[in-house]
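Order as written gives the chain letters A, B, C, D and E; numbering starts at 1 within each chain.
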Amino acid sequence: MTLTAILVVAAALFGIGLFGALSQKSFVMLMMGLELMLNGTLLAAVGFWAFTLEGAPKGQLLAILVMAVMAVELAIGFALVVAVYRKRQADVVESLGTLKQ
Amino acid sequence: MTTLITIFLVLGLSVLFTAGLRTASGTDLADHITNPQQRPVLGGSDPKMHAWQRFHVRYYTMTLVFVAFEMEMMFMYPWAVVFVEEGPKALAEMGMFLTILSVGILYGWREGIFRWE
Amino acid sequence: MAKLASQAPVPVFVAQGDDAPAETARLCLNSTLTIVETPRAAAILLVAGTIPASLIPNLHRLHDQLPHPRATVFWQAEPTDLLSEAVTVRNDDNLVSVLTDTRSSLLSGSHGTEADLLPDAPPNEWRGVGSHGQGGKGMMGGTPYGRPMAMTAADFRDGLELDAYTADFGPFLPMFPPGLVLTLTLQGDVIQKVSVVHLPFAGEGNAGAALLRLLGLPALAKRLLRGPSDDADFKRLIRLSGVRAAIPPGLGCAPNGSDVRERFERLTTDPGNPSKVHVDGVGLGDLLIGLEWHEAMLVLNSFDDESLRAICANTSSPELEEKNGDSMDHEGHAGHMS
Amino acid sequence: MTDIAFYALSALAIWSGWRVFRVDSMIRATFALMVSFICVGGIALLMSADYIGIATVFMMAVEMMVMGLFMVMFMMNPAGLNPMQMVHQHRFSIGAGIAAFIGLTVAVLATNLPNNPLPAGRDTLHDLGVELLGGSMLIFETAGVTLLATMVGAVVLSSRPGRFGDSDAGAVPPGLQPGGQPAGRKVEKSGGHGGHGGDSSHDMNMKGAPKSDDAPHKRHGKMPEEES
Amino acid sequence: MTFAPALTTLILFLAIGIWIAAILDAVFYRRISGQGGVSVLSPFYAAAAHLSRQRLTTEAPDRLNWYLAIAGYLAIATIGLAVVPFGPETAVIGIKTSVVLWGACESLVVVLVFLHGWSPNSPLALIGAYRYVAIGLPIMLLSMFVLIAAALPARSLDLRDIVASQEGLWNIIRQPLGLPLFLLLGLSLTLRGPFDYADSADLAGGTSVEDSGANRAGWQVARLAMLVGFSAIAASTFLGGYLGPILPGIVWLAIKTLILMAVVIGLSHLLARMPVARMLGLIWKFLLPIAFVDLLLAGLVALA
């Protein structure tokens, strides 16, 4: 287990997440993609912290912040989905684009 | 490492135990489940449609607030470890943090998110 | 294994018919039996009292939901045509021994398990239809695995149009008064529409025990069934259990102002003599629509039999509902838009 | 031993991550994502990041549970009884995903990364606590305010009874095609990829529109964009 | 203790615990309803009876998740028990953050109970599953506050340190509000009595309405295992775990676990269940502030 291996795994998770986020039509599935990308980021953050920072607490804090970002993204994202669905009865990405009208 | 091994062992044993229960329960007709037997329980009535549906959760706003509020745990665990040595300062900082978050809960309460919407 | 299993209490699912023996409700007091909540857990289906002809298909469906090995026992009732082989008991005294014997012979194999009464066919033909042979078309269409999927409908509570689940519930559900069949439309666990398909049977009510069971106090329910409830110990336990706090105030309010909480007090303090609730013009729709499932069950079980029958009679029948169905849909839709 | 565990967990993390977009049942997709998170937590445990690793499992189990509720609420056919892919720009997405992976991997391989793993048994949790209350106090309290904003935002956006009346007042369900019936009502129209969503352009003008049942027919919005 | 004997002890502890829990449950039920005694072998009879029946499935169920929900629930209960120290410095899973690990177990229980109700594709089970999530999620907050309050005087999130910190004074005295709040969580984790929103009588058995044969046996065993795991955690957090004079530590732990098991079972038979919306309000508006107060008091006590 080296940092390189960990970062490659993180890159793979990020790549799959990106594929999901770009390809999924449904907004909730898009959020799954985002979460998976953040999953990769989280792994990379922990990897860097463990292998290069010699356990400096700032690195851990970064990982916690990544998780906080996930929570915020999830809460706000789904609140948006509910609001949009209530207006449009649809949950696809494109219907978000027309919200501003 | 031991933690992971233990968790894997326990998982494996539980899966085996459940599988064991299934093999231990052998009746002659165990493998053949007929269509009328598969009908979901409705007390003798026949369901018209699949139960799986876009289930109308009545507390969804609560879950969103919960997810945001629960993040505070991530900060509270390390705080608990150093609480005694940091003393009143730790109490004050966490008090402030929790007060900030409680405002969110009070707001949600006011908006009625703890009811069945 | 069979030897060990025959030491356990006999798991019985009771299907109550019309004029069921008065002892039916007290069967659970017998420690050689367990009265189970779902046919999936039962070995013996006990049919107590006459099942009206209109409910016999339901009985057959219920019968087929029991796991093998299974048997049916008719108690003070005529076996249906399809179940003519089943054991019948006329005499009250030997019911328990018949049930125990039947179970033992089921386990030893001397009493063969009963075969299905209904044909082994899916509710809709589906195999081979659709892109994966699952019977469906497109996203929501067709009958995947034999049944259609639920479709969206307007919701009066929070304005999210999600799926509405409509089905008949009853007549052999343990939390329903025996004989009652309701067509309920649910969104999530909130009742949106209700109509009565079959009225509950008239008979001696056990609403007090039913309510206690619904409130998660089955042991106290048994105690109430056992007999005189002027027992101070029982009263204290009821008080300590916090039932008063557990039942929301104003739930299931009848025109004369009695709510579930008040009716519960009466049912548990004086179960033999429930005073009638004034129900003129109240239908189930007025009582149940908008309630969450647990609350709805509490309301449903808080009436004495006579009042409940009156309420059900006040509720629009399904035929009427069908006629009005379309126009009501329109109204609902327009209301949603404005 | 550690290496075997690492490779096993990584493989499971990537495989379940991939399954998220391949299974039909939304519940399976959500919990596949949860498995992926749990595996990452396990890898963190291998790196002696005990707290972060286990906390990941803790937080993600909850978040995925909530996600599952919403997935089922808002996806048609949530259990995947009719298998169906709801994707657009498929090739481009695969390309982008692979490009991101290769780019990042090359960058990782090209960099000379230090390799001094953390010794096991170090009390990193204590350090984190000191940091939270000392140097990073501001970050900590800012996170509190951010979470508060999130909570308020989520309540405002998602709960119905607002101060100015119901939040959906004036909205109508869109048609499947411009001028079609509201979505989700008719079985035979809801098939196919573009079979949901659709015309949704002029909704905000609807407040002043006539309140009649056939309002959707009168609207001639833009063509729905996702008829792929 | 080395690893293999520790794991054996764990499994024995769990197995005997499940057996005793089943008997205790029957004893309480019969005492309150006023019926006769219970055979000590009755759990085995009941298990054999379940296994003698066919295991049914429904139309188009999610078979994998049905299986994993039952096996997973049992596994989570065992992992919960594994973080409990059986003696000084001896826990099967001995890590610095065992309280967080238990928290992860709690949240996974919600997931697994939900899956158990989801997978049969049956209306009553589905309602039970969703209802459980409404209560299972917020009730976790209470337990987290309570556990953190117990961790303050120990200056550690390690259950071994938390037990060791109770050498002079048990946490139940330091933190009197803690145990009652934690017991509520226990009722919810084991799907019992007032918090049995998943498998309740108003849904004819809720998430387990479609379970028959081996599935039903497995689910009951897992519920009882969770009761054992939870009681052992509670005994270690509030009643000093293995601490006690004369007798070996593990015996003390077993006695305390037994007492708490009896308390949980007693509460489950004696407290009424309220409709879920009312309970949701109660947790957020009443119990959560109490948990705040508990944490504050524990903090002040720890500093004093």
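Please note the rule applied: a contact is a pair of C-beta atoms (placed from the backbone, for glycine too) under 8 Å apart; a residue touches a chain by one contact, two chains touch by 3 or more.
Which protein is which chain? UniProt says A = NADH-quinone oxidoreductase subunit K; B = NADH-quinone oxidoreductase subunit; D = NADH-quinone oxidoreductase subunit J; E = NADH dehydrogenase subunit H.
These numbers come from a predicted model, not from an experiment.
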item: Comparison of A-B and C-D (more C-beta pairs in contact); value: C-D
item: Central chain (by mean CA position); value: B
item: Inter-centroid spacing, chain D versus chain B (mean Cα positions, whole Å); value: 18
item: Centre-of-Cα separation between chain D and chain A, whole angstrom; value: 7
item: Gap in Å, rounded to a whole number, between the CA centres of chain C and chain B; value: 29
item: CA centroid of chain A to CA centroid of chain C, Å; value: 46
item: Multi-chain contact sites of chain C, meaning residues that touch two or more partners; value: 1, 38, 40, 65, 67-69, 122, 144-149, 152, 158-162, 165, 167, 173-174, 188-189, 292
item: Touching two or more other chains - residues of chain E; value: 51-56, 59-60, 95, 97, 100-101, 103, 118, 121, 123, 130, 133, 137, 140, 157, 204, 209-210, 213, 276-277
item: Of all residues in chain B, the ones touching two or more other chains; value: 3, 24, 27, 29-30, 35, 37, 39, 41-43, 47, 50-58, 60-61, 63-71, 73-75, 77, 80-83, 105, 116-117
item: Full enumeration of touching chain pairs; value: A-B, A-C, A-D, B-C, B-D, B-E, C-D, C-E, D-E
item: Chain B - residues contacting chain C, complex; value: 24, 27-30, 34-37, 39, 41-58, 116-117
item: Contact footprint of chain A on chain C as seen in their complex; value: 152, 159-161
item: Residues of chain B defined as touching chain D within the complex; value: 1, 3-4, 50, 52-57, 60-61, 63-75, 77-83, 86, 89-90, 93, 96-97, 100-101, 103-105, 107-108, 111-113, 117
item: In the complex with chain C, residue positions of chain A that touch it; value: 82, 85-86, 89
item: Contact footprint of chain D on chain C as seen in their complex; value: 130-132, 134, 136-142, 144-145, 148-149, 151-152, 158-162, 330, 333-334, 336-338
